[in-house]
Every structure is written in C-alpha cells, then in structure tokens.
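A, B, C and D are the chain letters, set down in written order, and residue numbers restart from 1 in every chain.
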Amino acid sequence: MLKVGIIGATGYAGEELIKILLGHPRVTISYLAAEIEKPQPINRIFGHLSGRMEVVCKPLDIAEAKAKAEFFFLALPHRVSLEVAPQLLQDDMPVVDLSADYRFKDRGVYEEWYGVTHTDPGNLQKAVYGLPEWYRSRIRKSKFVANPGCYPTACLLGLLPLVKKGLIKPDSVIIDAKSGLTGAGRKASVDFFFSEINENAKAYKVDCHQHAPEIDQILSYIGKTSYQVVFVPHLLPLNRGILVTMYVQLKKASSIDVLYKLYRDSYCWEPFLRVFKDHAPQLKDVVGTNFCDIGVVKSKKHGLFILVAAIDNLIKGASGQAVQNMNIMCGFKESEGLL
Amino acid sequence: MLKVGIIGATGYAGEELIKILLGHPRVTISYLAAEIEKPQPINRIFGHLSGRMEVVCKPLDIAEAKAKAEFFFLALPHRVSLEVAPQLLQDDMPVVDLSADYRFKDRGVYEEWYGVTHTDPGNLQKAVYGLPEWYRSRIRKSKFVANPGCYPTACLLGLLPLVKKGLIKPDSVIIDAKSGLTGAGRKASVDFFFSEINENAKAYKVDCHQHAPEIDQILSYIGKTSYQVVFVPHLLPLNRGILVTMYVQLKKASSIDVLYKLYRDSYCWEPFLRVFKDHAPQLKDVVGTNFCDIGVVKSKKHGLFILVAAIDNLIKGASGQAVQNMNIMCGFKESEGLL
Amino acid sequence: MLKVGIIGATGYAGEELIKILLGHPRVTISYLAAEIEKPQPINRIFGHLSGRMEVVCKPLDIAEAKAKAEFFFLALPHRVSLEVAPQLLQDDMPVVDLSADYRFKDRGVYEEWYGVTHTDPGNLQKAVYGLPEWYRSRIRKSKFVANPGCYPTACLLGLLPLVKKGLIKPDSVIIDAKSGLTGAGRKASVDFFFSEINENAKAYKVDCHQHAPEIDQILSYIGKTSYQVVFVPHLLPLNRGILVTMYVQLKKASSIDVLYKLYRDSYCWEPFLRVFKDHAPQLKDVVGTNFCDIGVVKSKKHGLFILVAAIDNLIKGASGQAVQNMNIMCGFKESEGLL
Amino acid sequence: MLKVGIIGATGYAGEELIKILLGHPRVTISYLAAEIEKPQPINRIFGHLSGRMEVVCKPLDIAEAKAKAEFFFLALPHRVSLEVAPQLLQDDMPVVDLSADYRFKDRGVYEEWYGVTHTDPGNLQKAVYGLPEWYRSRIRKSKFVANPGCYPTACLLGLLPLVKKGLIKPDSVIIDAKSGLTGAGRKASVDFFFSEINENAKAYKVDCHQHAPEIDQILSYIGKTSYQVVFVPHLLPLNRGILVTMYVQLKKASSIDVLYKLYRDSYCWEPFLRVFKDHAPQLKDVVGTNFCDIGVVKSKKHGLFILVAAIDNLIKGASGQAVQNMNIMCGFKESEGLL
C-alpha cells in the first residue's frame, strides 16, 4: 500500500481526495495537514468520516510529512504551494499540486494573473501539466505534476481535438462557462451566503478570469499557434459541476459526421471521456464521477460548431484527476479507485 | 375600474397576471377561465389567493367572457390562442395575447417552427409586437398586442440599441441563454420532476429553439437587414429568471464609453430598464420585478462586446410586460401596478 | 406622508423593510443608517433598488436621524438596540424595534438567554409586544413596540387560541420548527456557505434556542399558567419561510370541528390569518406575503392535535409585521402597503 | 461472480441498485427489466451509465430472468411485487423485495393501508423483514427478504434500542419526519414539478402515512407491547435524505449518559450506525452513504428525550440496505460494495 499525504486536507478538494482515496485499493492515507489551530481527528472536521478513518489532521510539519508518507497531494491555496512543494521535491518526493502555482511555463503570465512573484522557477520547468488525455506519457515519467484548473479541464478536453488538427480559427473561440459553488472554495464570505446564491445566477470576472490564460497556454502549445479565448464564467445555484458551452469557427466548412469521428477517434481509448453527436450532455450524468462528457453540435448558421463539455469540478476538475495522475505516476491502473 | 378577464388563468403566466392585477389600482379581475373540469374558486387552485379573491375560474365560455370583462389577457398554450382571439377581436375587445400565435408577421415562419397552420392571418397583420420600449406608439393605438416571448424580451432589449444604429456585424451574434424552470410552463413531465432538475444544468434545443426566429424577425425589422442569431438556451435549477449572455462583433472598433452612452441614451427615459457599464447584472436584482437589467462589457479580445441582460421570465418576460402593454393601451401610467 | 427612518438598513430585515415601505402609500423613507464605513447610496448596496430610490445610507448619527425622520424602525442585532432605542424614545419618537432587546418583561430571562446585561429597564416596561392579533389595542396606544421573533410569531399565532381558552395541557407542547436561511441573518460564516446548506438539513440548538423562552413568556401570560414548550428548530435549504409543526394534548377530548371553529372565531376578522381544517399549509402560499396560514389536524392517536403554521420569516416574521405595527400605531389601515 | 437481476430497473431505487452493484466486487449485473415499451440499453436510459455498462433493459420475461440471473432485486411499485415475487420464489430464487408487499405479517394491515388484496399469503409468512441490525440472523437463513421502507428504517434504528429494553411509554412517540424528493419516486405529476417544490416545504399525509403502521408493527414486535406512533412526514426541497426528529417519554427518569451508553452498546459493532451524544446529525454526512447517524439528546423539559436520525433514503433507506441484505444472505462481507 502506498502511503499518501494530503497537505491542505480541509478544503473541498482535500475533502474529496480523502473520499476518493478511502476507496482506492492501492493506497492508504497516512498523513493529513491543514492550516488549523491544533491537531484534530479528521472525522471531527468532516462528520461523514466518523467511524471511517482515524487519522489526525495537524498543522503542517514538513519533516513529519516526509517521514509518514511517500506520495503527496497539495490541495493548497494558490501561492502557498510555492512554499511547500520545493521542500518535498528536494527529497525527490512525488507530488501532485492542485494549485495554479506550477501550471504556467511562462512565469510572467502566472505573476501577472495571480499577483505574486514566482519564487521557484526551477521546479516550474520540471512540472508536467496534469491533463492525462494529452500529457500522459510525460506524466508517467514525472515526479511533479501540476493538476489543471477546473474550467481549463473541461474547456481543453472539449477543444483540443480540433486544435491539435489546426481546424479552428484561433481568434474565434468563445467560452460561456457555468459552475457550481464548490468551485469557489469553502469561503466565509457574505457573497457566498446561501441566500445570496440560491435562486440567483450571474456572470463574474467577465473576460478577466485567471483560467483564461491557462486555457490559452495549452491551446497555443498543442495548436502550435497563438490562441486567446473569450471566457465568461457564470455562477449557478448548485453544489457541483461545470458546464461549458463553446462556440468555434472552423477554417474550412466541415460536417458533423467528420467532426464527431475526430472526437471519437481522439478519445475512444480514454477511460473517462464520453462523446455525443448532436446532443448536449447534462451535469447530473457526470456529477459524482471522474467522467468528462462532450457533445458536438453543428450550428445551422455561420459555419459555427458548438461544443458542450460537462465535468464534476471536484472530481475530474480537481481531486479525481489528481488521483488519475497519481495512478499514472505510480504505474497503477489509470482508473483504479475512480470507477 | 377596468373589468379584466384572464383566459388561461391556471398556468404560471395566468397566476402571475392575477398577482399583479390584484395590486393594480385601476383594474378589477372580473372573469377567469381555464381548461378545468368544473368551475372552482380560484383560491382553491392557488392557496396563496385564499382570503384575497373570490372569483370562480370556469371552462371558457366566450359569451360569458364578453359579458363580464372589457379587457382580455390570453395566457394560453401556443395554438389555442388562434381559436380564442378572433372571437374576442370580432367584437372589438382589446386583447393582449401571451402566446406565440400572433408574433410572426411571416406566417410561414410561425407555421414552420410551431408545426401548425395559421388560421387567422387577418388578425395576424393587425397584431402589434408588444415590446413597449420599441413599439410603444403602435401599442398605444392598438387593440391587439402579441406579447413577446421571454427569451426574446431579454435578448432584444439587450441588442436593439446596437442593431438600430447598424453597428453590429449581422452574422456575429451568439446568445448563450439561461432560464429557470417556470419558463417551461407547469408541466406534468418526468423531465421536470424536482430531482431531475435540482443539482443539474443542461443546454437544450441547441441552436433550434423557436425563440430564435422571433429574435431574428425583430432584429431584422428594426436593423433593416437580415439577422440570424445563434441561440443556445440552458435550463438552470431555479424558479424564476432569465439571464442572457450575448457576444457580438461591431463593424467598426468602438470604446466602452461610446457604447455605454448609446445604451443610456436609448433607455434613459424607460421606467423598467437599467443599464450598467463594465458590470454584469444578476438575476436576484430583477426577480420579482418588471425590470430588465443590462450590462455592457468590452472584451479585450477580437473586438468583441459582451452584453448581459437579466429579467424575471414571468414578469418582464410575460405577465408584467402584458400589464405594461395594457397600461399603454388604456392610457394608464405605464408603470401602474408594476412598481 | 410619514417620514420614516430605518436604522440597520443593510441586513435582511432592513432590506425587506425598504421593499415594503417603497410600496406603502402613506410613508416616505427619509433616513437610512447602518454600520458601514462611509455613506453610500442604498441602491449601490442593493442592486434591485437601482433606479428606484436615491437615499444615501450612512453611519448612524442620532441627531441627524431625529431631524430627518419622525418614525423609526430598528433592524439591529440584538444588544445594539439597547443603545439606540433610548436615545430616540427620550424625544418621544415612535419606534418599532425588531431585535429581541425589549421583548422580555422579565429582564433576567433576557439576560440569561442573550448573555448581556439589560441597561434600559425603564423602556423595557413601556415596550408593547408587537403581535397585533393579540396585543392590538395596546399597540395602538403605544410609542414603542418590540416586534416578535420569527419563530415565536408562527408558534404563538398557532397556539394562542387554545392557550387563551386554557384547553391545552401546559407541559404537552412540542414544537418542531423549520426555517429557511434568511432567518439566520446575512452572515459571513463558512457554516452558511451555499454548499454547506444546499442539499442539507439539520436540527440545531435542540431544545436550547432563545426563541423558546419568548414563546413561553407569551403563552404563560395569555394562558395565565406556566408553559414550557419543547422547541427544536431545523434549518432547510431555502431562502424564506418558517413552517412549524406543533403537537399538543388537550385537557379534555374534543373534536376537529370544535377546534376548527375556535380558530375561525378567533381569527375571522384578522386581515393576515387564514385557517384550514384537516389540511396543512405549505410555505409557498405565504412566502412573499404577510399571511400566517394555520392548519388544524386531529391525530387519531393519544388525543393529540397537530397544528401547522406557515409564515414568511422576513415579512410576517419580521418586517411585514413591523409595518403592520406601524400602521396600527399611526392609525393607518392595518393592511396598508401589505396586500 | 454472482449473477444479479434487477426487476424495476428504471426507478430511483433501481438506478441506485445499478450504481452500487457496479462497484461491488462479488457480483455482476446480468439481467435488467422494467416497464418499458421495447428493449433499450440501460446506458441510453441513464446517461451516467454510458460507457460503463452494456446490459439491455427489457420488459419482464420471468423465464429469461431465471435463466440469466441467480439473485433478484425487485424494485417495483407496491402491488406489482405480489405478481412477480411468487414466480421467482417457486424456483427457490433468492429475492430482496424493495416494495411494501411483503413487509406486514398481518395481511389485513397491508390491505387496509395499500388498498389491495394480498394474493400471496404463503410467501408473506416466509418473508423476513430486512433490517439487518435487528433481523440479521434470520436474514442470513432466508431466501426472501422484505426490504424496509425508507422512513421506517430511520425511525426504527432510532427507536429500537429504547423499545427493546421497554424504556419508552408506548403512547408517547411523536415522529416529525422530513424527506427529500427521490423518496416520492420518479413521477410525472404537476405536484412534483421543480418549481412547485423548490423554495417550498410542507407536511403531507399528516398522521395518515402508510409507513406509520410499518413502524408500529416492528416496534410492537420487538417491544412486546402495542405501539402507535404519531407520524407526520414533510417534503423538503432537496434530492436525497431523510431526517427524523423523534420525541419520546421514558417510563422512568434517566440520564443522557445512561441512554447514550445504551445506544453505543446496541450499535458498537454495526458497520453502518454512528451514534452521537447531545448532538443532532445532519443530512450531508450520510447522503451518498449507507450510514444511519443517530443523535441522542435529553430535553430539559418534561422528561423528554429527543432522537434525531439521518439516512440517505435511496441507500440505507432502500438500495444500499437491499445490497446489505444480499451480502448477508450470500455470506459476503456485510459492508462489501457499500463502503
């Protein structure tokens, strides 16, 4: 059994990691840390773990962490991973980092969007972007994976088959994204008070969300040309799920059959991708799973194609994908503990 | 006091008409009809009316209707208004029809999208499209108003200032629309069972919703050129509200200040329109009101502008707008009973 | 027009007062205060007021308050009213206080449950408990009304007809209460984060909620014997509404007809009470209104009667009732602005 | 691998059985039947099964069922099991029936509450009530288990430790129950339309729900005296979960410590029961699990104890418990596939 540590165990991503790893036949959770005042059994913090696990969650102590676990998930706020990751990596500990700190090859982009100086450029260059469907062989050889953002996961899985083939006009991509509340993290803010969100919906960070440059980076890298997507996220009154509706123009006219075949061919061996022709997926078919469902629809107008992708933001959009990455890094079956 | 009849009183739009008209100082509800088996006090059907009104709701009897009321709202399913409206109009009764039956000047478009032959072309030509902000003077002189659809109301109010001035590329309009459930009507369908909708979200009728040609018709008429919008509606787990996020390209580059001024100038005298610069409206500020809130945002990319409009689908998107039309037709203050 | 001031304008009760008073034909809102850093137009704080009112909300200045308004609502947190009310009352300003600070005739009970010393015992004795259906004549003569708590309003209206007649066994009252989230106030707490409440339900403060002694006080006063109710509140994932299910044993066997008649007789002239026989009310019939719906049901077992009462916690349970009290104090029609 | 058939695969309980059994290491789903017009792959009916299982769901054919599977779950509407179960039992097929048809030893009670004649009294006497915590040894030896109702599961697990010891006054039990919507089944009714339930809550079948006699039967059997509980169910706007708040009077005064010890002793070896002292459980800690959480609280008043129990109605209240029963019947580890 692989001994696993979770640093940042009390946020939504940390909680979901615990849930998933409890059912994983190849690992045991041996270390939990979080920013808390004093050590506390994790089942006191999360009542649903009562009677299921006894591990005590403590303030982070790197030496103890290294002594107790041999594989680490960092489910920390952005900026905090920058301090923790190097201390684990210097001892060659394998790490999946769920923050944005190591996702950008161009540290300037990171620094501009996250408002902080990147203090660990060495490891930044080593980090592999943890989108298994497109970076699997590199993940397999890596000891340090930067887990993608929740919106980028859905958007990239939906766009990359077209982008890889160079079929899209690079300046035509419009993404209208919708997310449930756990995507915002577990925050004590009046803005996220139940009654402010329930029976409400709104756009936020219109065309200025930090996930847009993350999407641009990967599209541009895989597509070998510069992409700048228009990205408008919306907040929906539900707990889990991301639904992205993407509008793209092709360079040359094509048919739905040709495009659908491209998606099927791209993803037919993938354990967690499902593709639908002329049919938009719905959140409830992916919530609670590590699946990404993608619908491909041809508009009757203006040569436009519409791609709709749906994921559970906490699973495929965060902790499930992190475990998928661990499975690949450790040579386990990729879907182990995730189906 | 104007004696008002509501035909189709037991759907969501009929119920909302009753609520609004109960608080209207110039009218009294004197006749209620619906497709029910036998007459029943309306306060038995809607418990919230208990102790508030005594009118009995009956199966429709046109002669009785004409005897009891002098102004009519038809809150009927599409196709049914075609049978009822002519019988009222032949006696010169003023009518606001909330169905789609009289919204299309080109009956062929109606017949294609609603799958039915239009049997009343004469009145179709007389009907005025009931969007007060753009058809006020005609509504004032009319006895027959076709109340706009819920999505078209939000979309048209958001797009028409630009379209009127001919500033938009006609083939660039992409509308990503989101609606709560009352927009679907009160239906006994497993698809709308609470647990199928709650914690779910999905796109539906992707690029093939019957409100798209209604939007196209009005944009093309006011814009004096052919528009074909891409329209993708989504269902959200909430009771009321429509939020539309619209992506448009201008023919010539412009600034946010110029565009915002255009919107302010277009709507500054309107009692129910509110315009915001670089700020997207949220549903909860319009739900329960007859307001339409519009946010104008300039994208940093590709010369795109983003317009976000929010309404309460049952009020500004249906019954509130119908009362606003009645106020105009009857020479009442336009906001009477609506503020 | 009566010039009205609201002190504590930015909480849920303050917001609801503004909404109600905006539609009230006899008053104008002339002063708004709240604990904010600097003066701000109220329509910036509440977007739904945009274009509807221009009053600036300021940090409280008692002299300015007295100069600008002639009637006051205090929608303040408990304990804060103790500081503000005396300053208004010393100048004979009429005040409706929505906090708990002046609800308890026995200051010891208040001090025990709210953990604070009562510093204004003089005004405490003058305050009239603002439950119009049972204290109307005293409210009419009063200048200082302590508005009841939300749970007590629903429970007392449901129990008092029986208690007044001395029909209940005093130690038999069990109240299982359910409330939406606005009842908790607008709080920045992780406990009230959307995703912690949505798809959840729980009992809280089991048999130790501060509204129990408030209910006991009034039952004991009107019933002329000591009552101690068992009170278990629950939190439901919805915005508005209180539903209380109350189980009581009668001293002597009775029939549903006799009991229903008692309730009808007690409340037949009341503008905001509706009574149902053998039928439990539902929240959606009262939400958005000042009504209290009460269902009277006879259990087939153990001589038990079941009373179910439903209110909108922000209207009949707070701001609507406060305006009802103002109407009585000022000699307006009692339902003015509330129907 | 045990070959399992599910008859009634398209309701909520059938869907949940499929989800659970897909993750069960000892079984394979080999037969699916439902009332559908023509055979259809189950992954077309439930999109979330797409890519996960290929079994075709068909109209029931008993011969085919027996040929394809060796263990059966009946997730059928009440009354329908009466026709199906005997045909499987006559060939000694092991069956867990999730309907109410075989739960009542006294067929007269069944016939009164379900309005139907019991046509299979022979098997009725053989059926074992499938509440593992109290009927485990009999379930182990049985080939036919009647799975308990959702409300009875929560209520009985909460009450039986006290009832077994004869500590409760039999006429003192009041149960205030709350359930999410999946408890109502997947129904095409306007009453369960999303907008009728969302932002609403209500009591229904007040003191006349068919689960009350089921609770009475088991309490009376285990308690060896006649119990008649007062049972008032409520509908809450959420998908899953049952929360029951139960008020009981003891024959003799006792302390919270003594009672809590009784519960701990009763359940300490149970894999799915968790007991809390002076603390009420919440739905979100049990939703998605087979756990039943029970809180024991002593009221300060009238010698009352308050028991709060929480389950997921589709798991511990239906399909999870059914699988737990299968595990016991087949000699598998009791928690196999359920943790």
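Everything that follows uses one rule, which is that contacts are C-beta pairs under 8 Å (C-beta built on N, C-alpha and C of every residue); 3 or more make two chains touch, one makes a residue touch a chain.
What you see is a predicted model, and the numbers here were worked out from it, not measured in a lab.
Shared contact partners of chain A and chain B are C, D.
Here A-C and A-D were compared by C-beta pairs in contact; the pair with more is A-C. As a whole-number value, the distance joining the C-alpha centres of chain A and chain C reads 46 Å. In whole angstrom, the spacing between the mean C-alpha positions of chain C and chain D is 40. Centre-to-centre separation between chain A and chain D, using Cα means, comes to 37 Å. Shared interface positions of chain B, i.e. residues touching 2 or more other chains, are given as 196, 198-199, 237-239, 281-282, 284. In terms of inter-chain touching, the protein chains here all touch one another pairwise.
Considering their complex, residues 22-23, 46-48, 50-52, 199, 274, 281-282, 284-286, 288-289, 291, 293, 339 of chain D touch chain A. Chain contact summary for the complex, chain C toward chain A: residues 12, 180-182, 186-190, 192-199, 237-240. Touching chain C in their complex are the following residues of chain D: 171-172, 174, 176, 178, 196, 198-204, 206-208, 228-230, 232, 234, 236-241, 243, 245, 247, 280-284, 287, 295, 297, 299-302, 304, 306, 308.
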